Amino acid sequence: MQRVLDRLRGSGALGRVMKSADRTLVAVGNGVSIEPDAFNDDPYVDLVVPTVPPQPACGGIDAQQTRGTARGTREVCLGPANAIVGGQRLGIIAGPCSVEDRQQLLEVAHAVKEAGAIGLRGGAFKPRTNPYSFQGLGEPALELLAEAREATGLAVVTEVLSVDQTDLVARYADVLQIGARNMHNSSLLAAAGKTGKPILLKRGWSATLQEMLQAAEYIIREGDSDVILCERGIRTFESYVRHTLALAVVPAVKQRSPLPIIVDPSHGTGVAVWVPPLSKAAVACGADGLLIEVHPHPEKAQTDGEQSLNIPQFQRLMSDLQTLAPAVGRAL
Amino acid sequence: MQRVLDRLRGSGALGRVMKSADRTLVAVGNGVSIEPDAFNDDPYVDLVVPTVPPQPACGGIDAQQTRGTARGTREVCLGPANAIVGGQRLGIIAGPCSVEDRQQLLEVAHAVKEAGAIGLRGGAFKPRTNPYSFQGLGEPALELLAEAREATGLAVVTEVLSVDQTDLVARYADVLQIGARNMHNSSLLAAAGKTGKPILLKRGWSATLQEMLQAAEYIIREGDSDVILCERGIRTFESYVRHTLALAVVPAVKQRSPLPIIVDPSHGTGVAVWVPPLSKAAVACGADGLLIEVHPHPEKAQTDGEQSLNIPQFQRLMSDLQTLAPAVGRAL
Amino acid sequence: MQRVLDRLRGSGALGRVMKSADRTLVAVGNGVSIEPDAFNDDPYVDLVVPTVPPQPACGGIDAQQTRGTARGTREVCLGPANAIVGGQRLGIIAGPCSVEDRQQLLEVAHAVKEAGAIGLRGGAFKPRTNPYSFQGLGEPALELLAEAREATGLAVVTEVLSVDQTDLVARYADVLQIGARNMHNSSLLAAAGKTGKPILLKRGWSATLQEMLQAAEYIIREGDSDVILCERGIRTFESYVRHTLALAVVPAVKQRSPLPIIVDPSHGTGVAVWVPPLSKAAVACGADGLLIEVHPHPEKAQTDGEQSLNIPQFQRLMSDLQTLAPAVGRAL
Amino acid sequence: MQRVLDRLRGSGALGRVMKSADRTLVAVGNGVSIEPDAFNDDPYVDLVVPTVPPQPACGGIDAQQTRGTARGTREVCLGPANAIVGGQRLGIIAGPCSVEDRQQLLEVAHAVKEAGAIGLRGGAFKPRTNPYSFQGLGEPALELLAEAREATGLAVVTEVLSVDQTDLVARYADVLQIGARNMHNSSLLAAAGKTGKPILLKRGWSATLQEMLQAAEYIIREGDSDVILCERGIRTFESYVRHTLALAVVPAVKQRSPLPIIVDPSHGTGVAVWVPPLSKAAVACGADGLLIEVHPHPEKAQTDGEQSLNIPQFQRLMSDLQTLAPAVGRAL
């Protein structure tokens, strides 16, 4: 370990060496002066992560003052003023799984804005395991999302499924979401990175922590995109939930990376009644925000109805979080 | 589903039928009048769980007033007055992984008592995967635990590894712990149940929720033992943690069973610095208490040092929980 | 179940209804007359799979005579005459993980051809978790693969990583491989399907059997591409292997689909010495072929050296398979 | 690595040092002269396994001649002459999941004997997750098993569930089985080891390879019991099978230990039609035998009917194995 540290410093980098749970050592260079493959010949070094500079990503905010965590989580500005993830205020992004029609979207958008959300989620292109399932409205949904932004001031967060969609989606969205199915899709990661937009990167459902950080690196090295990580549950033998929400990843990311991390308890459980308790758990262990599915009529939703909160449920959760956040040093 | 419900009611039971995540139906009888095998011929009924009566397990406390959750979590009295798990106050059980010597144990016991714990954990018999690892001090450790109870008023919680140890351990301990390795050991479950002592039942590291509830049933049907369930992490592909703490099990248990459930973030992460954030997460999503490893000098601990808090770390966590608990309707 | 069957037949399809391990019913239409969403309103039907017609995909071969399995596995012709996967003869595809240089590739190609392989694998574009790892030679590797085909008559199998590479790769390759990381990348699946080339589809390392079949459906519905499925191990808690090779998927696919399935024991174990025994196991349980990494000097390989056979090891394995194949009704 | 090897040799042992898949080093002493805790202070040594001496466990057989594998698998004699597991001949143990009645047991026993089995399995005490499920006939089943041994010459293999059953079961059985649920039950392992009978040790469904070997060590160090390891599938996210049969463990055990290893494809798949292909796979990758559930009328079986072969299916499998075995250097 000392050997790696010495060599890291010898190469001019302000380094950090960590001993991970599985005994592999990870050298983290602190700046641009370290070559990514400087340790390729060292069997104990799995990955060299050039550190993302922790300066704030949007002007007018003094990162030194508002930073929520000791290590200096990077503040990612979603677009609209004050729509920030990674600061002391929790960043709540909410909305329907799929954009279904104008009325549905606007109703949800106004409601979540009023309850304190900073971002509006809504799928225009849906990744579906079954090719014959509803695949989303496409560009018309993007237009509705833009309209909802105008009406509410919410930042628009929506998923991009393929390289050829990135420009289209980037024209409408404030934040491009890379879904769990695409976390290992390196060409999509690179294309998203090239847009310069902030990227919401969801952890693959069987991706390790290190793989998620490496996927972020695929985005970051294309430019200076901001990346927000998102834990959304992993695949295990458990069957009473859709996925197993692995919350230890939150403090683990805080230890390894300046990137903010939010939690998606909707996919992370798959059951609406468990979304509020797991949302609170995520905030309590340090998540920088939440990604929550809200639908005016979950029982009629075209996708993911069983895990969507209705509007009163979401309002109640936000009210509970308002009480909880100060108890863990955050605000809503 | 209606068919099962009708039949359940037809049999005179006040029943409940649930649709679990994996589409199996579970009929829950509400009293003694339903036969355990009444539905053996119904392919959609996996398990008939005679409901544990939700009356308080120790006198002098009015369950109706102190009950923390809507469904009526059963209050389990650990032995000493006011040492209750399942009420509105969180039940914190803390102490070393293994009892190593008198000074270590008493130092920890006094410290955790003062910080607000109600129970003292400490292993006398250690289940070790490697037969040549330290196996615990045995009966002398039980004597030290009893001495620490005299000195502090803490309830003693310690693991029993085999049927022939149950009487010995029950003579000294207030609560018998069944470890994760033994959750499927039905003869040990039955023997523990026969002691009449409260049982702390840890979830096996690859046990499903239903299997944990069935293991509790093995204990309960031997008498009227109280059972406290404990989530301590499951085995997954993740390698940055020792186990993956699956917190959705907390609200899931609340939905299915009146038994209280606590969380062990020490085994559930395996890394001391992640114990505080995951402790807060557990409380935030409704856990009735915590089981935490504390050692005066973790770096010298014979077992599990890397996941033990030292005393100042535990004090800080308890102070944080004192702030957090009221924000989720609990007290410490 | 009878109800679903009746309805299936009522819709004019020659149907089949299966009861899967997890109690969901799957209706399989047998022809084009069944609408994919005909059962969307039936909660017990998860997926309607329009059956792939079992006629041979390349002329001159009488499928009725050479068919290896009772249910009629579809024979997929890789391109060159007699290079068939899904018939009675095992289809062995072998070669280096990455194409490194001309000499390496030709040496391996001649050796595996002589030993009985029908296809040459070799990566031109490498999907790497770490963005700073070797990413493949790109188009020059494709040219070398085409040269090796000329020299040996082997079919060229190589991976395509992104939609914009499909045309380029399809110009050189006989079979396009979709890697495990991209099994859920539906736009890539569709783009590959549009090339009309046979597709080798690797199972995602945490994909269910049903998800793999649905991914195949994304390819097939774009045209009449042939698809060869490939089991390459799943992610579990096991750490002595790179992945856990889940061989029960072989007979399970045979029961559900006419698509041929091969096994990749190189990724499926990650350890060269275990490739031969697991290759034999795969053949013994009915796999239609193998995908094996072979390198002239595994210790110098740029990628996956630890799981590559050297040439004499591969020759010995092929000789062993020659003995084994007739014992399970196959030939090499 | 060299350092550990030097130290191992320095301590007088004929040692072996292995680099496992996860980079931990394991020192294997070759004899009794190495202390189990000799490497406790070495962070790279996880386990010291005193090697089981590879001499044959029952007289009259020359291990040097009949040994099936290069490393010298230990031959375990089940009791009756010629009932050996670990030699060149495959050891097939078959019979019903539970002993249900005299006629059922004798019919199966005669049939499997005639088909070439060497052992009769049959549960007298059944470990059930649900306490209200059928728990086995108890001692009367043991008497029936003994009667079947008299009638057929088969060795009797039956499970022991608790320490207080070991003497009873050992009076009737030739081989004591430790089930998957009890693999971590160290007191039961020790009690079984004290009987001196051969032990069939099933891998826990989420036990690592190393944990299985350590469990065997708990048995072996109590005396000179022979241990037969048994792979029976692990718990993963897969749902089309009951468990995921992880066959790479077979060559992995051969590399690490002289203990024979057999495979249970009945529990390992949970589906009768997949038992034959996975049985062949197990034999093809080097398993020393199989443990197979056979019932005269699986549709009427009280336990595990869906994974039991009927008698004609078992006969067909044995006939297939007779063809397969010589192709991998074994005999039936």
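Here are a few things to note about the model shown:
Lettered A, B, C and D in written order, each chain numbered from 1.
Please note the rule applied: contacts are C-beta pairs under 8 Å (C-beta built on N, C-alpha and C of every residue); 3 or more make two chains touch, one makes a residue touch a chain.
All figures in this text were calculated on a predicted structure; none of them were measured in a lab.
Counting C-beta pairs in contact, the pair that comes out ahead of the other among B-D and A-B is A-B.
Of all chains, the one whose Cα centroid sits at the greatest distance from that of chain C is B. One simple way to say how far apart two chains are is to compare their mean CA positions; for chain A and chain D this gives 47 Å.
One finds 33 Å separating the Cα centroids of chain A and chain B. Of all residues in chain A, those touching 2 or more other chains are 22, 206, 210, 235-237, 239, listed in ascending order. Those residues of chain A that touch chain B in the shared complex are 20-22, 206, 208-210, 234, 236-242, 244-252, 255, 268-271, 273-274, 277-278, 280-286, 320, 323-324, 326-328.
Only residues 36-37, 47-48, 127-132, 161-165, 181-182, 184-188, 205-206, 210-211, 214-215, 217-218, 221, 235 of chain C touch chain A when the two sit together in their complex. Those residues of chain B lying in contact with chain C across their complex are 22-24, 235-237, 239.
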